[in-house]
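Next up, some structures in structure tokens.
In the two assemblies presented below, chain A is common to both, partnered first by chain B and then by chain C.
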Partner chain A sequence: MFAHMKIYLRLQAANLRARAMYPLNFTLILVSVAFFGMTNIILTWVLTQKVPIIAGWNLYQIVFVMSLWRFSHGFFITFSQQIWNLEYLVREGVMDRFLVRPLNPMFQFFAMRIQIYGFGDLLAGIGGLVYAAPHIGHWNVQKLLLLVVVVLSGAVIEWALMTLLGVSAFWTLQSGGLMGLLDTLLDQFSRFPLSVYGRPVQIVLSFVLPISFMAFYPSYIFMDGMEGPPFSSVLVYASPAVAAGLAWLAYYVWRKGLNAYQGAGS
Partner chain B sequence: MNAYLALTWMSFKNRKVYKLNVFFRVCSSVLLIVVLREIWTAVYGSGASGLTVTLADMLTYSVIASIIRTLIPSDFHYDISQRVQTGDIVLDLQKPWSYLAMTFFRTLADLLFGLVYVVIPIAAASLLLFPIGVPTGAQAVWFVLSGLLGYGIAFSLTFLVGLLAFLFTEVGGFGMIKSTILEICSGAMIPLWLFPAGAAKVLELLPFQGVFSIPISIYIGKLQGAAMWHGLELQLIWAASLLALAQVLLVVFNRLLVTTGG
Partner chain C sequence: MAVIEVNHLIRDFKIGGGGGGSLRLLHRLLGRSKTLKRVVDDISFTIEEGDFVGYLGPNGAGKSTTIKMLSGVLVPTAGIVRVLGLEPFRHRKANAGSIGVVFGQRTQLWWDLPLRDSFKLLGAVYRVEPERLQRNIALFTELLDMGGFLDTPVRQLSLGQRMRGDIAASLLHDPKILFLDEPTIGLDIVAKENIQQFLKQINREKKVTVILTTHNLDDIERLCKRVIFIDKGRVLFDGSAEGMTERFGGQRYLVLDTEHFDERTWDGPPIARREDNQLWFSIHDDKEIASMVAAASERVAVHNLTVKEPRIEDIIKQLYALGEA
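Right after this comes the complex of A and B.
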């Protein structure tokens, strides 16, 4: 474990140095990712000037849920955006390299690089949380600790879902389209809390593609005076379990995929 | 002129190679339409007073906005940046034709491609699943004209971002800032009439509303008569000035361009 961490830090320090080569573009992208992440906050502010309560949610509550999602998403982007490159690495035969080294291939794959632009999403997320948090309920140390657990669970859920789709590249050699679709889905449905949508959408996003456990359900833990969530109030605390289950599934399918991987001939 | 149209046709045929991509583009658009419809239905259910137009008009607004979104050229600045990095840009600039026009006719292929392979399926789907109003007669003609002017504005904005590659090589950050401003200020997500009065006044002077707000308002019949003429006039002025600015900057930046290879 300790050895893994040491290797990880070494690799990422090298990554950071490589990134610092174009400081202007680096800073600009960081700022613009953060700005882009705040678009929905601005648009929601505009809308709530006309309609203060949308489907029972006020501005601060809506911003809290979308920022909670964006914060988790920031961790996902930073530490595992690499999954987007899997199809390319499979096609080019780079995966061969990971299989012959004496370390877990999955660790090697994700340690290859972190995506620093994820910091922009983290900035936007933390900005929205700080803006909304004081207005939605009372805070104490327990709740802050729970918030950490929720954020990490959210990041693991997105990681697991993306990995499940990305791993299809081992068989089909292309997974970008599928992942792009999930990305659009996450992007669009994180605009507003799940209560806004009709029953069919709620069922799909809770039990088929459980992205609502990233932010929507756990957000009830932190909001005072809200009616219970759709379906059952047990779901509010289910995020860590959902994350663990999906992570196990993703790792299992990853292993299957590695076995199916045939390398690239030349 | 023939050479430019040939370029459009060639790029059009190239696009056809990526069939799966088209499928996912259609899926993304339909998804966006579904999300927006649900959101607006919920918003109108929470209090419709002060929202200016009817829910039916607002739903039509979202469908047309989602379609325009897939049609406008928004990311060819990456291609320009790529060609500056590799040095291939020199080949484009040496050719005996206008680089601005060449880029325009190349992106026109995307518009044609989108109209045939993306808009028709979406339009069919939305007529079947969620019927929307369709303008007729003169209103339809003015909508198409307004849409084309909006296309010109969107093209110029992306081209200007692409030109920055002549100075900075990498332009991903600038492109993202442009997209964010367009998303907020154009009426792509929220119509300008729902903005606070002061902000709306400012946004009505900027070019961004010409891409989404003006054409869609003509479509749903919110802009009519003198107001519509004013809108079209504004679009024309902005499209012409941005294109002129692009041409001037192209000449200036061309002198500053330093690149390798070729």
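Right after this comes the complex of A and C.
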């Protein structure tokens, strides 16, 4: 474990050095990603000037949920955006390289690069959280710790869902389409709380593609004076469990995919 | 001691088939109409410690697939592969620690970083002790003449420099076996000779067993003590490089450039091959040469005379042709 951490840090230090070779790219993309995150907040602000309460949510609450999602998303992008490259790496045979090294292939795959552009999402996320948090409820140390758990769970959920789709590249050599679909869903449905949508959408986003556990459900922990969420108030605390379950499933399917790639038992 | 044992090895691949056009896409979507192609078809061989083996064959013969099964990337469909006593895909990590692999057409170096950084990162990945790593880097830098570009980003290296870097990178953890998949492809003669010299040296001095696939015939002539030739997934020849020459191309020829040759009236020594006015006679014994020349010049005008030694290139061609048949 410790050895892996050390290797990971060394690889990422190398990545940063490599990225720094293209400073203009780096700066521009960072700024544009952060700006994109901010525009969502500004859009919400404009909207709530006309419609102050949307499905029982005010501006600060909406910005809080949205930013909570974006903050988790920032961690996902930073540490596991690599999953988008899986189909390419499989097609190009780069996976072969990972398989002839004495390290876990999944570790090598995700350690291959961190995506610093995720810093832009982190920046936008933390900005929105700081802006909204004081207006939505009381804060204490416990809640802050819970917030950390929620953010990490959210990142793990997105990682697991994306990995589950991305791994299909091992069989089909093509996973970009599926992942693009999920990405669009995430982008669309992270802008407003789940409550504004109809039942069918709520069911899908809670129990089929459980992306509502990234931010929507856990946000109730931090908001005072809200009515309970759809379905059950137990769901408010379910994020870590959902994250753990999905992570296990993602790793299981990854192993299956890698076996298929190697041609075991086929 | 046998370091590699391959026994009745078979590997199938699923190939997407089906009709053309949009129907094919539909078939693919549904995962139907896949046919099995046998890429490695019952291959067996044993490789001893310290061997230097040329693993040859035309494109698509199954060379890379075999190498991938030996290195633990692919799982055999049937048959046994053992590397240092272990089945590579079952003990992938243990196997990875004791082999080095160079996929000639794909680098394992970090593209944007200096060569030296890649070496250090790989040292960490393979958990090589710092002193040993330093020693190996210094040694390979000297032998492969990499001093001039050790601190240059890999993307700025020439193909020959990059390949030297890749070969050094695959040896940093002192593997017992080195697999090289076309290490000299596209290289100029200087880089090629440098690499050949180096491989010879580490094979001799570090006792590294080397298995090399190549289309470069001088790699075989200069390096390989043993040749395994495969085509369509089957072994066509397995033996020493000299043995291959003897068996498939041991024939020497007397070649005469002539004029006024007429096949119908020819009653001289039997002609093995004819290319326009060039006549080829098989030499079985050097003593025949003089009498053959005499007999031939009585019948036709001889302008030129050469003795063709067997060339490995011709042998390979012959073997390729054999595979086609």
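Simple rule for what comes next: the second predicted complex is superposed on the first by the 261 of 266 C-alpha atoms of A that agree within 3 Å, B and C clash if a C-alpha of one lies under 4 Å from a C-alpha of the other, contacts with A are read in each partner's own complex, and residues count from 1 in each chain.
By our rule, a contact is a pair of C-beta atoms (placed from the backbone, for glycine too) under 8 Å apart; a residue touches a chain by one contact, two chains touch by 3 or more.
Source: prediction; values computed, not measured.
Using the contact criterion defined above for the overlaid structures, shared-chain residue A:F192 touches chain B, although it does not reach chain C.
Once chain A of one complex is fitted onto chain A of the other, the partner contacts of A:V234 are absent, as it touches neither chain B nor chain C. In the superposed model, A:I7 makes contact with chain C only, not with chain B.
Contacts of A:L145 after superposition: neither chain B nor chain C is touched. Contact with chain B, but none with chain C, is seen for A:L43 once the two complexes are overlaid on the shared chain.
In the superposition on chain A, contact is made by A:V100 with chain C only, not with chain B.
In the superposition on chain A, contact of A:L16 is made with neither chain B nor chain C. One of chain B and chain C touches more residues of chain A, and that partner is B. Across the complex, chain A is touched by residues 20-21, 23-24, 27-28, 31-32, 34-35, 38-39, 42-43, 45-47, 50-51, 168-170, 172-174, 176-177, 179-180, 183-184, 189-190, 194-196, 199 of chain B. Of all residues in chain A, those touching chain B in their complex are 22, 24-25, 28-29, 31-33, 35-36, 39, 42-43, 46-47, 49-56, 174, 177, 180-181, 184-185, 188-189, 191-192, 196-198, 201. Remark: chain A residues 3, 6-7, 10-11, 14, 17-19, 21, 92-94, 96-97, 99-103, 259, 262-266 touch chain C in the complex.
In the complex of the two chains, the chain C residues touching chain A come out as 11, 13-14, 68, 71-75, 77, 89, 92-94, 96-97, 99, 101, 103, 106, 108, 110-113, 117, 121, 124-127, 153.
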